[in-house]
Structures are given as C-alpha cells and as structure tokens.
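Each chain carries a letter (A, B, C and D) given by its place in the written order, and its residues are counted from 1.
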Amino acid sequence: MSLLTTIFGRLIKAVLTLLAIAVLNFFLIHAAPGDPAAVIAGEAGAADPLFIAQLRERFGLDQPLYVQLWSYVKNVLTLDLGYSFRQGMPVYDLIADRLPATLLLTLSSFVISLSLGIAFGVAAAARVGKASDSILTTIALLFYATPLYWAALMAVLVFSVQLGWLPGFGYETVGSGYSGLQRTWDILQHLILPALTLGLFFMAVYMRMTRASMLEVSQMDFVKTARAKGLSGAVIRRRHILRNALLPVVTLAGLQAGQLIGGAVLTETVFAWPGIGRLMFESLEARDYNTILGVFLVSAAMVILFNILTDIVYRLVDPRIGAKS
Amino acid sequence: MTFWKRFATNRGAVIGLVLLAAVIAIALLAPVIYPGGPWKMVQRPFLVPFTTDGLPLGTDTLGRNVAAGLVHGARVSLLVGLVSTVMALLIGVPLGALAGFYGGYVDEGAMRFTEFFQTIPNFALAIVLVAILQPTLGSITLAIAIVSWPPVARLVRAEVMSLKRREFVDAAHLAGLSNIRILVSEVLPNAVSPIIVMASLMVATAILLESSLSFLGLGDPNIMSWGYMIGAARTVIRSAWWLSFFPGLAILLTVLALNLIGEGLNDAFNPHLTKKGRT
Amino acid sequence: MNFLKTTTFLIAAGLAQPLLAQDAGGRVDIVVQPEPPSLMLGLVQNGPTQQVAGDIYESLLRYSTDLEPQPSLARSWEISEDGLTYTFKLQEGVKWHDGAPFTSADVVFSADVFLRETHARMRSSLAHVASIEAPDDLTVVFNLKQPFGPFIGVFETGTMPMIPKHIYEGTDFANNPANATPIGTGPFKFESWEKGSFIHLVKNEDYYLDGKPYLDEVYYRVIPDAASRAVAFETGEVDVLPGGSVENWDVARLTGLDNTCSTGKGWEFFAPHAWMWLNNRQGPTSNPLFRQALMYAMDREFVRDVVWNGFGKVATGPVSSKTNFYSDDVTQYDYDPEKAKALLEEMGYDGEPVRILPLPYGETWQRWAEAVRQNLQEVGIEVTIDSTDVAGWNEKTAQWDYDMAFTYLYQYGDPALGVSRNYVESQIEKGSPWNNVEGYSNPELDKKWDAAAISPSPDERTRLYDEIQKEIVNDVPVAWLLEIEFPTIYNCNLQDLVTTGIGLSDGLRDAWIKQ
Amino acid sequence: MSDPILSIDALTIDLPAGADRPHAVEDVSFDLSKGEILCVVGESGSGKSMTANALMGLLPDGVTVGRGRAVFDGTDVLPLSEVRKQALRGARIGMIFQEPMTALNPLMRIGDQIAEVFAAHKLHSKSERRARALALVKEVGLPDPEKIIRAYPFQLSGGQRQRAMIAMALALEPEILIADEPTTALDVTTQAQILRLILALREKHGMAVMFITHDFGVVAEIADRVIVMRHGRIVEAGLAQQVLETPQHSYTRALLDAIPTGRVPDLQVITAAPALEIRNLNKIYRTGGGVFRPAREVRAVNDVTLTIAKGEVLGLVGESGSGKSTLGRAVVRLVTPDSGQVLVGGVDLAALDAKALRQQRHRVQMVFQDPYASLNPRHRILRSLSDGPIAKGVPKRQAHTRARELLDIVGLGADAATRFPHEFSGGQRQRIGIARALAMDPELIIADEAVSALDVSIQAQVLALLADLRRKMGLSILFITHDLRVAAQVCDRIAVMQYGRLVEVGPVREVFHAPQQPYTRELLAAVPGAGWAVAPEAVSA
C-alpha cells in the first residue's frame, strides 16, 4: 500500500471523525445551561425578553435543534465554521487570528520537550543505575508531578517579578513598534517562560519513555550483533539503539503534539497568551456555540494532522510499516 | 524473588508507598484532627505560617485554617482520583477486552470509538463536560473518567490480543469453556499487572486534572480540595505564597508518590526490564 | 446596571479648571477585562465595551461625581417648567472621526431610530418620550408624554451614545461592517484591535475642544488572569487597573507600591449595589421571618472588611447612599446570630436546605458566598453552594431556579431608573435576571413607586421614596449586602484620570501625564 | 591439534550472586586450530555460549570472567580494554547468532549493516565498502545481490538473514568464526544449506570455526573436533568421530542415546476403525484487504484428506509454513476451516456451531509446543486439569481425583496439583500438558511440536512417556513435528506436507526408505547427521 493511498484513506477517515466530533460537541454544548443570547443580553445589563428573542432569532437559535444541527453540518462541510455571536466576526477569522500564537507556543514547547526529553533520556539510559541517572530521573519525575499552572505561576513570580529577566505574560510588547528582527526577538522573549513551563512537563514524559525504551532496545539481539562487529559504544547507541528506541517515542509524541493544541488552556491563561485554548474557554463561558465548535474542530483536525504526520515519520524511519501488506 | 521483595528493593517505590500511606492516613483521620471542618473562619485572614499556635500553616483569605483545608482536602483529592480511575477502568477494561478478544468488527467499532475520544482534545473536553454538567464532585469525577479511559482500553486490548494467542487460552477453548468465561477467568487475570500499573498512574493524573479544573474555577464549591485551595489562592500568590504553596506541595507529593509506586509496581511486575547495567 | 465588574474612568468636565498646565503627549496602557465583545457602543453596552468605547463615542451630557449634569456634546440645556420639554444646544464644529459634521440629525437618529431598536434600557426610558425634534442643526428637543424626574439622567454615554447617521441609516445595524471600525465623535479614534491582546486608540486631532485630548495614544490590554494583571501593573506594563480588574486582596498590596495612587471615585452614577435575590415564591425564603433571620445571620461588616478589603459600605436598603433619594431611616440589620436563631425558631424552620448561587465573577464573589454559607450554617441553616458560569447563572436566575442568588446592579443615579424595576409587581417576568426576579409583590408600594417616578416635584419624590424604603426594608424582599466600591489603581503620574460619576467609562478626555 | 590459533586455559566465568550456581563456566580449557571446526555441544545451561561470549567480551551484565586465559595470537584477550576488544571483534574474530530474525537491526539496509563492519574498523572508502558488501553478499550465495544490499532485514527469509549475518562476520576475513547455534531456528533444508556454506567458506578462507550447538546431528555433519559440556564443565573432548562412535563419558552417551535414532519401528497392527477422518479440508488465510487493495491469500490447508486409525500415531511433518500446524488447529477447531469435514467419532467438528462445538470439544485434545505458554500462570495445576472435565459435566470431586491420578501417571505425583506452573521445569510442564489432554478422555490427541522446545534428554523422556501412555491407553495421536528423526521414532505412519498440500503419506518405513516424492527425498537428505544415524539400521531393514 503506497503512502499516498494511506494518506488518502486516513483523510477520509479524518473527515468522518471530524463530522462525528462536530455532531457530538454540538449536542454537548447545546446541553449546557443558558445560551449565547442570554449571555449577550446579560452583558448588555438590561435586556427585556423582547431583546433576547430578537437575538435568538438573529442567531437562528429559535429553530428546532435538528435544523440548527443540519445547517451547522452543512456549513462545516463547505469549510465554513459559521459566525461568532459574541465577537461579531466569522469564526474562521477568529481562529486564524489566534492559531498562530497557539502554534508558536505549542510547537516550540513541543520541540523543547522532545529534544530535551530525548537527550536526557539517552543520557540517563547510558548511565543507568548511577547517581547521575537517579538525579535526572528524579528531576523528570518532579516536573511530571508538578501541577502545570502552579509551576507557571511560580515561574512568573521568580523570573518575571523577582528577577525581572523575562516578560511574564503576553505575546509581544504592545505598541512597541518593533518590526523584523527586533519583533522576533521580542516575541521570543515572551515565549520563553510559557514554552518552558509547558515544555518541561512533557519533557519529563519523553525523557522517561526514551530512557525506558533505550534500556529495552539495548537488550535486543541486534545490539549484540553490532558489538560483535567491533562498533564502539557511542556508535551503537546512536546508530542502533537510539533509532529503534525512538519509534515508541515518536508515536507518543505524535499523540501528544496534537493534544497540546487544545491542552494549552492553562498555560495560555496564566501567561495571557492570545491563543485558541483561551478562546475556547472564553467562548464556552459565553456559550458562543460556533466558536467553541470551531475551536474543537480545529484542534481535533490538528490531532489528526499530527497523527498522520507521525505515521509518515514512522514510515520514513521504519521500513517495515507500509511494506507489510 | 517474590513480587513484594522486588518492590521493596526499589527505594523510590518504598518512599512513594510511605508517602501515600501518610496521605491516606491523614485523609481518614481528617474529622478527628480538625473536627470543625475546613470552612470555619477561625482567625484573622492571611496569618503567616508558623506564627500562631494551632494554625501551623496560617490562615487563608477568609481566616480559615490552611492546615485543616489540607487535611480535609486530602480526602477529596484521593477520592476523585480513585473514583474517576475506577470509572475509567469500568469503561476501558470491558471495551478493550471485548475488542481485543473478539477482534473483527467488534474491535473495529470499539477502536474507532476510542480513537474518536482520543481525537478530541482531552483537557478541553473535560472543561466542556464540567461546564455543561455544572461543577459538582460527581460531574468532575465523571468528566475525568470520560477523558481518561481511552488509554486503558488500548492497553487492555493490546494485552488481551497478545494473551489470547497464548496456548493456555487455546487449551481453555479445547476444555469447552465459554468465550466469556475464558475472557474473564483465563485472559483478564493475566492482564491485571499492567492495568494496576496504569491505574496507579491514572490516579495521579486524575488528581492533577481535578486541581487544574479547580484552578480554572471549575471545582465543586462545597468541597475543600487542594485544587480548590490553589485556585482560590492564585490571585494572592504574591502576598500570601503559603496559600498556594502548601496545597501545591501536597499535590506534588501525592502525585509523586503515586508515580513512584507505579514505577515500582512496573519494575516488580517486569523484572527483566529493570536489569541494571548497560548494553 | 452594567454587570461586568470592570469599568473605566476618567475625566473631566467643566467644573474646576485645573490650576496646573497640562503636559501633552504620551501613552497610557489600561487593563480591560474581559475582552469586549464589540466596540460598537450602540449595540453592546457592557462594562468593558463602554470602558473602551467611552473614548470613541460621546453623548450629550456627562455627570459629575455628585451626579450633576455637565456639558458634553450639548453645550447647554433647558427643562421646561412642566418637566415635559428638554431642549439641548449642541457644540459647534464637532466632527465624526471620518470628518463628517455632527448635527442634531445625528442625535435624533441615534435616540429615535438606532437606540430604540438596539438598546433595551434606553428603550424603556424612551417610553416616556412623545417625540424628538431637530429645529436646526444645533438644537434638539425631547418632548415627554408626562413628567419623568430621572430623564435628565439618561444622556450619559453608555445610555445614549451618539451614532453616526450617515453610516448607519437604512442599514442592518447589527451586521453593518462599520461595527468593526467604530466611528464616534470622541477624543480618541479607533486604530486597531489585536484580538486577545490589545485595542489601540489614537488621539483625535480634530477634537472640538482645543488642546484635548492630551494623550497621544491609549492601549487597552487584555490580560485574562487576575494575578497576571497585578504583575503587569507592578512591572509598569500597564498604568491603570480599573475597578475590579484585580482581586480585592491584591488592592492593598498594589496601592502600597511606590508612585501608585488609587481612587474610589467614578462609580457614583452607577452606584453598584449588591444583594442576594431571595426566592419569595417557595422554600424557606418565601417566609419573611426567614429572610429577616438571614439579614441578622450575615456578618456583612466582616465581608466588607475581609472579602472587600474594607472597600464599600454595608447596604441599608434598596437605594444606594450615592443615589438620589437615599434614606437611612429604616430598620438596621446588624450582625446578631442570636436574633437570627430566635427568628428561625419563631418561624419553625425545619432544616430544609437552601442553595446559594454565587455570582461567577471571580474569587471575591466566591469567597463571599462561602462566608455567607458559613454564617448561615452557624445559625443552623442548611446551605450548599451551587456552582455555575455566567450563562448558567443567567439561566438559573432568569428561570427562577434558585433559593438565594448573588447579584449586583447599577442604579443610574435615580431610583426610578435603577431601583424600582427590582421590586414592582409589573416587573415580574420570567426570562430576565434584572427585573423583579425575587417575585416580591406589594401593590401598595407599587403605587408609590409609580407615583414617585412621574412626580414633577422633587419634594414629593423624596417623601414617597422615604416611605417606600422604610416599609420595604422590613419585608426584606432581597438580602441587601453592600454598596460596592471598585477602586481604580493607577500610576500617580497620570492626572485627571477620573473626573466624572462614571469614571473611566467616560474616556480619557481630560487625562494627562505629568512629565 | 597443531598450531592452535586460540588457546583457552582454565577459564572460569562467575555468575552474579543469587544465581542458581556460582559459575557459568568452570575450569574450561581447549585449543582451536587454524582451519578447524570445533563443535561445542551441550544442553541449555551447560555454559557453551558463555565461553564464546567471554571471548568476544560480550558477557551479559553481572557475569564476569573469574579466572583463566584465552590466548589469541599470542595475547590473552580476556583482560584487554574495551577499545582493544573492539578492534578484535569483527576484524579478527567474527560471530553469528541463533536468531537471524532479531540479530539484524530492523531499521538498516543489509548493505549498510555489512559496510558498517568496515566503518567500525575504519577501513576503505565509502564506495569501496559498498563494493565489498556486494561481493560478500554474492559470496554467501544470496540471490540478486544488488537488490539484497538495499533490502531491509524484514524483506529476507530466515536463511537469507543468516547468510547476511555470515557475510558480516566474514567481511574482514577473521581468523576465527564463532557460530552460536546458527541453524537452530532454521528449517531443516535451510539448515543443511547454511551448514554447507560454512564448510565451503572454511575451505576457502581457512578460518577456524567454533560452532556451538545442542544438536549431535549437526556435529556429525560438520565437526572436526567436539567438546561436550555440562553444568559449565567439559565432560568430554575429542575428534568428532571418536566422540560420536565411542563416547567415553556417561553423559555423552546419555545424550547420544537420547537422540531419536531414525531407527524406524516395526509396523503396528492398525485397526480399520478411524479415530479421525479429514475430508477435503481447506483453509485460506486472507491478510490485509481493504478499500484500496486486494486481500492477499495464503492457502494454508489445501484440499487435505487424511485418516488416522484408532490407536495409530500419525506423524505430520513439514517445514515452517507448510500448513501442518494450521491443519492440526483446524482439526481441533481452534481454526475454523473454510470447507471440508473433520470427523471424529462420527461428529463433523468442522460443521458445529459454537455451542455444539463446546460440548464436543472433549473428543480431540491438544498438547502444545511451548511449555511456558500453555499453562495459565495464575491457576494452580489442579484447576488447569479439572476445569475442562467440570465444564463437560464431570462432578468436581471426581474431576479432582482424576486430575491427581493423571499427574501420578505422567510421573509428577499427585502433590503437583496444588502448585503453580512457575514451580515446574519445561519438561515437567509438558507432562502436565499431556495430563491435561488426557483428563478430557479424548478420542484423539494432537501433539503440536510437543517436544520441539525441550532439550534432547528431556525430549527423550517425554517421548518415552508418550510411547508408554500410548501403549497403555491405546491413544490415537496426530503428531505434528518438523523433526523427522522424532517422527520416525514415534510414528506409525508419516504424512509430509508442503505449501498446504499433503505430499506423501505412508508407513514410516516406506516413506523413510523409499520416498516417492522429490520433496520428501530432499527433506530426508537435509536431516543433519542422517547418514550417520539412520543408515546402519536402514540398511538392515
């Protein structure tokens, strides 16, 4: 089976999954008490029932649920995510506005966590049973056990407030008028704390997995073969053990990377990062149906995208996959 | 070596066990230690720890005893962690077992269903569920269970798939035992070890999840939990660090303990993986 | 009756001209929380929207901190003897941000066409208006059907913002693309909006008051976490924390910082008044004895001192002491658990549990509910707290699915505008959380409320409102809690930040930075 | 014996504390001469591989050289530093292993893995390495070398992988090749090819070979000299022919005796009544298949018709992939055949629905291959033996009594009933497996490679038990095995399978002595040591 047909098959499955997610979430969200009209009216402060009824009619919320569902599904099928009641703009634009920030945050923390995790995992595995292994493992375990938001708050407290080294929140210095390199540098500084906090937690995950996987692979027969060839320990670790040990890490990383997108709510909240995690949380409180559904769809699409990417990477690394059947 | 001996040789696991035992003891004895409950406003607010007799960890924003909160909070964190894990197991184990054992369409259907839940971002789904059901102990537990079961199903499925090819399962078929009986009494008991390991880690994750939900204001307001305490104190973290520090520490230690135990169990169940030494 | 806990301030008005020479130039960063859904003030009037849009839009009048009307787009005004005709003379040379001239036609369009359709609160005031005329470009006349004492109070920016006729006439107001780039007459112009991050306004160079505004630009910053907002102020990244944007516990700490000022002014017009709705229809709360017991059981001073960090004033009844026609000649409910227990015994309270629905506006309100729960439990009442978010809160109160529900509402300077709606029987209607939600019914009092609203004589009004307050406080239809104060915290270099009765919501027309 | 290239002197290898004995190898001395093939023979745990591993510096963690020297080319290699050992490994001493499936890195192309040997010793340019890899691939007889060096291990068969391994080991023309059970995992015909290859390479390069095996057949095939090890000690050493024909040590004799001789039994009197009739049985496996691609079909059982008489032992032989196991599993309905009949006692097992099948299961029972997987580790032996009878309707007490009896019969004693599987050795577990099959009072027993996983001496005991039981109880057995010598020893008739078809069926004597089909002949010829073990008797027959 060629890569193309696989991807094509996956895409079809992905579309079906996304549709199912849209439908499930549609019902979930409509099951929540209150509706966007009530919330918007609530914010206006003095709505009479007439005003609320007008809003409902405008949003189409006066239609029976199945009619609303049908029109939503129709929209989604034409790649139209609808209109945000609360923000008064197309959901697509809203998400397009926010997605880059989330992607920047999650991808950089992903890169940090994966590279550090693998590096430390390899280091710990190479020193298994020694003190340095215990220290690395313990530190990873501590990161793993620390509530993310708590670590985030502490990080702001220490590095931003006490030491003043880094900005504690936001995406860039507002109104700085920076452009080009200067702006990039500015964003980078803002990125460090959130990306690290988010990254360190996952670093612990990858490190533990890499270590375990390295140890397991190092027991395998072909490692003995490699030694029998007269290869040095470092070459064996790099060329034989690591490559094989990374396979399960790649799988896990692919799974996590997708989840990161929707899972950055906490980090985005603490660091005031203008991403879609926060957008989702705010839209949820506002019962901004279309926006929540849109965010869910986009994050689910990201999960699927990353799964497909993982598959491709996996195929590139492991010749056995794909050639099997 | 027996299982317990192997477990006991793992220093981390023993430390974890002692920690957890302490947390459980505190949770059980909470009504004895602080019979007044965690909500009672006993003193001036914002009393600094270690300065007032009877209030070792100071008081919170309303003058409530932080130590009492911690002690009573232990019950809830453990309860949510435990019950949600049990619920997740109750969904994941049968689903994974049936999928793995019967294969074919059953497997296909069950796995599509599982994948579906894995595609929806977990934490976001938990938030939505709690928001929809409105935050109560029950809804939080349920939400955590609903987002936690897919890995269980996958694990159990993989275990069952490998176990069902073992010859003793063939032998059971030849003995004329029914499928369900084979699944329940021959296959599943042999999958218990990895499930226990995973469950111990899930309890830890569930405690973290509960506290994260509370942090976002999605906790049950009638119940004192560590997550609630941090959530309630986060706005004063700068002026009253101890209000979020101690519950944070409590979570950290409990989660750490569970992880250590999980690793210890894993090592004890799979002695061949832990052989010390290099390639 | 704006609900959201923040607002802004500023201002000025023509009272005392400052003695200092103002320095021009500079930039101010202000927190806005939460992010406004829209800046089109004619469509959305919640707190954050008005805080930002108050710089862009203006109305005919402003109100001083003691609620006296001040000129704004109206240079002067006249009320006829019979209280039926209001005549306004407009400022000369006022231009919309797109350069079009502002005329009386815009006023008529705004009040009579646009706001009548979109603005529920304005609509109920417009019910008293027979016609609005524009005899010439700079004159507007409102003709009332009958005298309506509070009418002079409706010309505030959030109540009657001026909408450009040349842009909106004949369009679908709600979906007009111009809503994204609001055009007003105000001292600042809309420049850009980075969703989730900031809103950028720049100085209106063509402003009709010479030399104003002083500031070059204003950034409204969206920072969703209260603790982060505090940090932002400390690190100097923002200059102003509007009321309610940090938790009360942080206020004392922040105001103790160098070069940090705070003011409680700028809320007089709104006079936010907090109480718990008590469901008068069913359960223990339907019994007046129980409701009185509640009042004695609650330690409201403790809450003021601890939860509100000393800000605010214990409410004595339905009318805020900042609002006109306040009377303190009413029964005082001091903290007295014994009395509460006695009342409960008298009514034969059987331990039926009651639910508290806190206001989902952050930690302060949550703590408040917890404190009340503790107070009530101590006199033997079974209490649980229901937890919910904004939408759920709206739903539950609007559908009367609650026992006790926290809320706070604005009073708009006059009991007829912001108080009577919560107590008269005609305002009992399911589906809204701002009317007579508790279901209190007292026909005798209803007559007095009505009479007081349309009486042309201030003395008569005072007498009626005194009687009403005296009587209603004994019935305890709702459990009044606090007159809330939201201190605005700002960098002391900022001058003339809060100059009117709606504070930051009136925009930064007069603000300047001391160099 | 002249000119030893390697001289091992009083080697002792220590096991870590807590192991079942203090030394893996104790006081072992031997020489290896240039161009010589030395076979080190022993059962599992004899320490035969440890000696080789010590030489290569590849001892498992915790296992250390205690005493002794291993002089190679004038130097004791045991105390050398890791770096110097690396220089030795691959370059001057090559090694190949038992499991060709796992001994190659699954993620690297064959060519790269071969070229890596040069890289490890910093020899040749990149293109030269490739050319040499190609030449090596050719030399070890792999087809289509250009393609092979670009292939990944999973694309090669077991025999091909072992050839690739040999190519790697030979890359730098080492003076010594250590072969650690290199043919054990291979089919018999493939094994024969690999053995021939090793002989040919020895001829060509003149290297010394240390060949580790448990199989005296292989020894007979290639050994110049033999060392027999037991419990870490050398019990006998000598020229191959000497040891094989006139073993001096009782253990060597026991081992040789335990080997099924290939001596075929006399014809048994067989009743006409069939215990099993298989008629036109078919089973096709379909793999893959989906929207975008056709399914791949493998005819595992192709129109097989076969009868086993009551009291008869029928040997079903064939190489891996021949379909013999599928046929066995289809007979007990662990696999549902696509078509055809399986008649046992007049019941067509192939046609029963799930419920009826459960009630008829007891008619055919199975003894499995893997003694470690065939017993539920969480159940006591008693339960493993009595669950079936109880499900069948036997009263519990009676089932328990019978279980104890059977444990006695298979030589374990009734006490075994209350213990758990992990308390037993492999051979004991296989006895339990037999007892379990008997507990159901079956009309037919399928023994699926029932002794393949056991050491020779244990194998002999279990085969003896089977023969004994058969005599006493008149069992009908379908005996599935890849080992023709075992089949020859215990079976009345032999059925040969290839590619899912029955190639030849007949009495052992006929099939072995006068095979009709070329494939049968090929198979027989490939049995290592066949000429030595079967020939004398065969002639007399």
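Following the convention adopted for this analysis, contacts are C-beta pairs under 8 Å (C-beta built on N, C-alpha and C of every residue); 3 or more make two chains touch, one makes a residue touch a chain.
Only a predicted model underlies this, so the values are computations on that prediction, with no experimental measurement involved.
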Chain pair with more C-beta contacts, B-D versus A-D: A-D
Comparing centres built from CA atoms, which chain ends up most distant from chain A? D
When the C-alpha atoms of chain B and chain D are each averaged to a single point, how far apart are the two points in Å? 46
For chain B versus chain C, what separation do you get between their C-alpha means, in angstrom? 45
Please tell me the distance, in whole Å, between the geometric centres of chain C and chain D computed from their C-alpha atoms. 88
Chain B: which residues touch two or more other chains? 131, 134, 234, 237-238, 275-278
Hey, what residues on chain C touch two or more of the other chains? 225, 227, 231, 388-389, 392
Touching at least two other chains at once: which residues of chain A meet that condition? 32-33, 153, 161, 227, 233, 269, 284-285
Residue ranges of chain D in contact with chain A within the complex: 56-58, 82-83, 86-91, 94-95, 97, 99, 102-108, 116-117, 120-121, 152, 154-155, 165, 168-169, 287-288, 290-293, 296
Under the touch definition given earlier, write down the residues of chain C that touch chain A in their complex. 1-4, 27, 29, 34-35, 37-38, 44-46, 49, 120-121, 123-124, 174, 179-180, 194-198, 200, 217, 219, 221-225, 227-228, 231-232, 234-235, 237, 388-396, 398, 410, 429, 431-434
Report the residues of chain B in contact with chain D in the complex, numbered from low to high. 166-168, 170-179, 186, 189-190, 275-278
Of all residues in chain A, which touch chain B in the complex? 17, 20-21, 24-25, 28-29, 31-33, 126, 128-129, 141-142, 144-150, 153, 157, 161, 212, 215-216, 218-219, 223, 227, 233, 236-237, 241, 255, 258-259, 261-263, 265-266, 269, 277, 280-281, 284-285, 292, 295-296, 299-300, 303-304
Under the stated contact criterion, what part of chain D meets chain B in this complex? 61-62, 329, 332, 334, 354, 358-359, 361-362, 364-366, 368-370, 373-379, 384, 387-388, 391-392, 433, 436, 440
